[in-house]
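Next come two complexes built around chain A: one with chain B, the other with chain C.
Presenting the complex of A and B:
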């Protein structure tokens, strides 16, 4: 499934993987801002960004085609609104928004491909994001795949009973509503169990990382280099 | 309607981020107070539930199916503040992990779906939830949450200067309305099903709202929906009307703050000024973020 690929990538070993998540977050934000504030989409500059990102993927040991493919998630939305701009008589604008959204998505793929989401959430805490929100997001990510798998099981079960599918039929709605209701009930029960388990382990309102974050000289260098390169490409 | 990066202009995304950040902070504080101390796992797992529920298809028409959007259901089970927090967490995970929606556009997406979406989803339930069929009120909330989120996203795209052919707008709005209708139907059957399993999960409204409030609310809701429909169906007509009344001129004057207007005025200017405007936007966002964090910390320690 989805998370397997992501976690597989973020558990690789490379110089970029070893950098502090805060440095990588700053680098990614600098790139996204530089790309996003660019007027139009000058071919040379965007080629430079693409080269930079390709080099980052290669040095992190991530499959180039794989990261590009994952960034294509944004294409349905981008293509629809790009097509609108094209029809309205601004083809250059359409190409610009398509390229911008694709490159920004690629930056985020590389960020999550080299940093696992829980560590990334921990890094956001250093940037003063409310802890309550981060804790909720943390639990959400932890149980996302558990609950999704449960939903998948229910779909398989319904299909094996001959009830599911896209065909319009009487009772299909009731079955789907029942499935969502059951999923709600199970999630509620799971939340209670999770809470009890957390209390039993001495949860005091904070998650503890097994290895604390350390921001070294290499991390500072990496962040500074990324910000400088992004800015230089933006100005040139 | 997850807006990716690259579509919104700097004033739009920076401005909406500056609005969303303190509001999410307030919602987080309220949610922490409202739901008991077991709230962290409950809200997190409920966010995961929304992801799971979106995998269950409801047959809509031959060949197409829809799924739950969830803002109204969350608002009537967890409360509006907690629903906003859960939706924000969902959008954050979607943006960072699944590239569904941009990172710079996250503030705008949070504003559209988590804040305005949850509020619109809760409003009818707040007013009519004490009636004999609360599920009906939640279903109306589902309709409103989708239509509000989608209309806001479309408005932000237009405000960012994304060119759109005029004929597309009524079509887009018709699609939103169909989507919203589907969400209303799905929300209705799901709320009935959840209520059957455990009557305590759908919150019961304690105090009845005065009839005047209800009528006022109903009238303003109808006016707002009709207004958006007319505005999207005939944007040129509306503009002409505004021009005649002199509103457009006044609105333009209001809009002409140095930051908001930078695209138009600095378009021919040097990159330094554009970059400065962008940096100022980010700076303001960061300042608001820091101030909110400070405020929250001070309150918590008291």
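Presenting the complex of A and C:
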């Protein structure tokens, strides 16, 4: 699964991994804003961003192809909007939507591939992102694996009783809808149980880390350099 | 001797109106190990969720002399460690070590102390070698021991185990029973496993319809109620 790979990547050691998550968050946001607000789809500018991200992946020790492949997850969603722009007679806008979405997703893959989830959430907490949202994100992330495993068990159970296979027929859609509903209910019950287990171990809404966040001069320089580069590429 | 847990007249009703506890009186003394037996839906899990205030019903609960109230909850949660039935619900941090340190950090220990407590608990449960592993890569038995380490790292005075043998194979059950016998804490073990109850507890209570209907030495109570698993054959 994608998030398992990202988690393994986030445990690597590199100078980017070592940066304070707040510096990386600022850098990522600056890049996403710069990419997202680029007028049109100038190849040179987007090529510059791609080079920058490729260099970041290489210096963080992440496999370039792996990061590119994971960034592709955004393409089906972006393609819908791209198709709408294309149909409306703006092919250059369609290309821009796809490129901007892909580059932004790549930035996020690099961010999550160099920062472990609890540390990233802690950084978001320090930027005053609502705690409830962070808690939901944390639990959702943590349990993607368990939920997908449950979905697979349900698929096997349905298949073993002659249920929906690859090609859904009339009753198959009903079964699939029922399965999604059951999965949602189970996920909700699981989230409650996890929260209860967290409370039982003294959780009071704050994520306390083994290694407290430390923002040093190198982190400040890194964030400033990333913001300056993103802005320069945007202006050029 | 002062009881560690003293409960009288505990009643609880779920939002849908189901009466889960219908007046439970209970005492747990230092060093005791008590098994909670009974059919599914008899109120055992609901009962243990009251012991550190995760559920709050009517009646009186005192833990280590403290009345259970919102202001005493943090102290009581430090004293009562609960091992939940499904370890996946208890292992929510990216690595085993971070998970074991979750409780101590919440108790306000500084990171170095929390790390020490977590490592000691992992050594105690035989999981020291798995410190850097992700919980979802562990076997069922390892998950159970990692979850127990997370509880022990908080150094509780009372250990509550809800169906601890679920998902465990026979060697896993034996190992867990052996481990529990080495722990000095008073224990409450919710289980359907008669052999495990006999191996880990000396006293047992039998729940039925939200009440304790029978009580006695574990082996004797199990024999008296025919609660040990006989052959599953049709008469």
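The definition used in the following text is that the second predicted complex is superposed on the first by the 198 of 236 C-alpha atoms of A that agree within 3 Å, B and C clash if a C-alpha of one lies under 4 Å from a C-alpha of the other, contacts with A are read in each partner's own complex, and residues count from 1 in each chain.
To be clear about the criterion, a contact is a pair of C-beta atoms (placed from the backbone, for glycine too) under 8 Å apart; a residue touches a chain by one contact, two chains touch by 3 or more.
If you're wondering where the values come from, they're calculated on a predicted model, not measured in any experiment.
Residue contacts after overlaying the shared chain place A:100 against chain B, while chain C stays out of touching range. In the superposition on chain A, contact of A:146 is made with both chain B and chain C. In the superposition on chain A, A:194 makes contact with both chain B and chain C. In the superposition on chain A, A:87 makes contact with chain B only, while chain C stays out of contact range. Touch criterion met: A:7 reaches chain C, while chain B stays clear of it. Judged by the touch definition given at the top, the superposed model places A:58 against neither chain B nor chain C. By the document's definition of touching, neither partner reaches A:18: not chain B, not chain C.
Residue contacts after overlaying the shared chain place A:180 against chain B, while chain C stays out of touching range. Of the two partner chains placed by superposition, only chain C is touched by A:118; chain B is not. Set against each other, chain B and chain C differ in how many residues of chain A they touch, and the higher count belongs to B. On chain A, the surface patch touched by chain B in one complex and by chain C in the other comprises residues 117, 138-139, 142-143, 146, 190, 194, 198. Across the complex, chain A meets chain C through its residues 4, 7, 11, 116-118, 138-139, 142-143, 145-146, 190, 193-194, 196-204, 208-212.
Residues 2-7, 10, 13, 24-25, 28-29, 31-32, 38, 40-49, 51-53, 55-65, 68, 77, 85-86, 88-90, 92-93, 95-100, 102-104, 157, 162-165, 168, 185-186, 189-190, 192-194, 196-198, 201, 267, 271, 274-275, 278, 282, 289-290, 292-293, 296 of chain B are the ones touching chain A in the complex.
Residues 49, 52, 54, 74, 77-78, 81-82, 84, 86, 88-90, 92-94, 97-98, 101-103, 105-107, 111, 114-115, 132, 134, 136, 150-151, 154 of chain C are the ones that touch chain A when the two sit in their complex.
Residues 2, 6, 28-29, 32-33, 35-37, 39, 70-71, 73-74, 77-78, 81, 84-85, 87-90, 93, 96-101, 103-105, 108-109, 111-112, 117, 120, 127-130, 132-133, 135-144, 146-148, 150-152, 154-155, 164-169, 172-174, 176-185, 187-188, 190-192, 194-195, 198, 205, 234-235 of chain A touch chain B in their complex.
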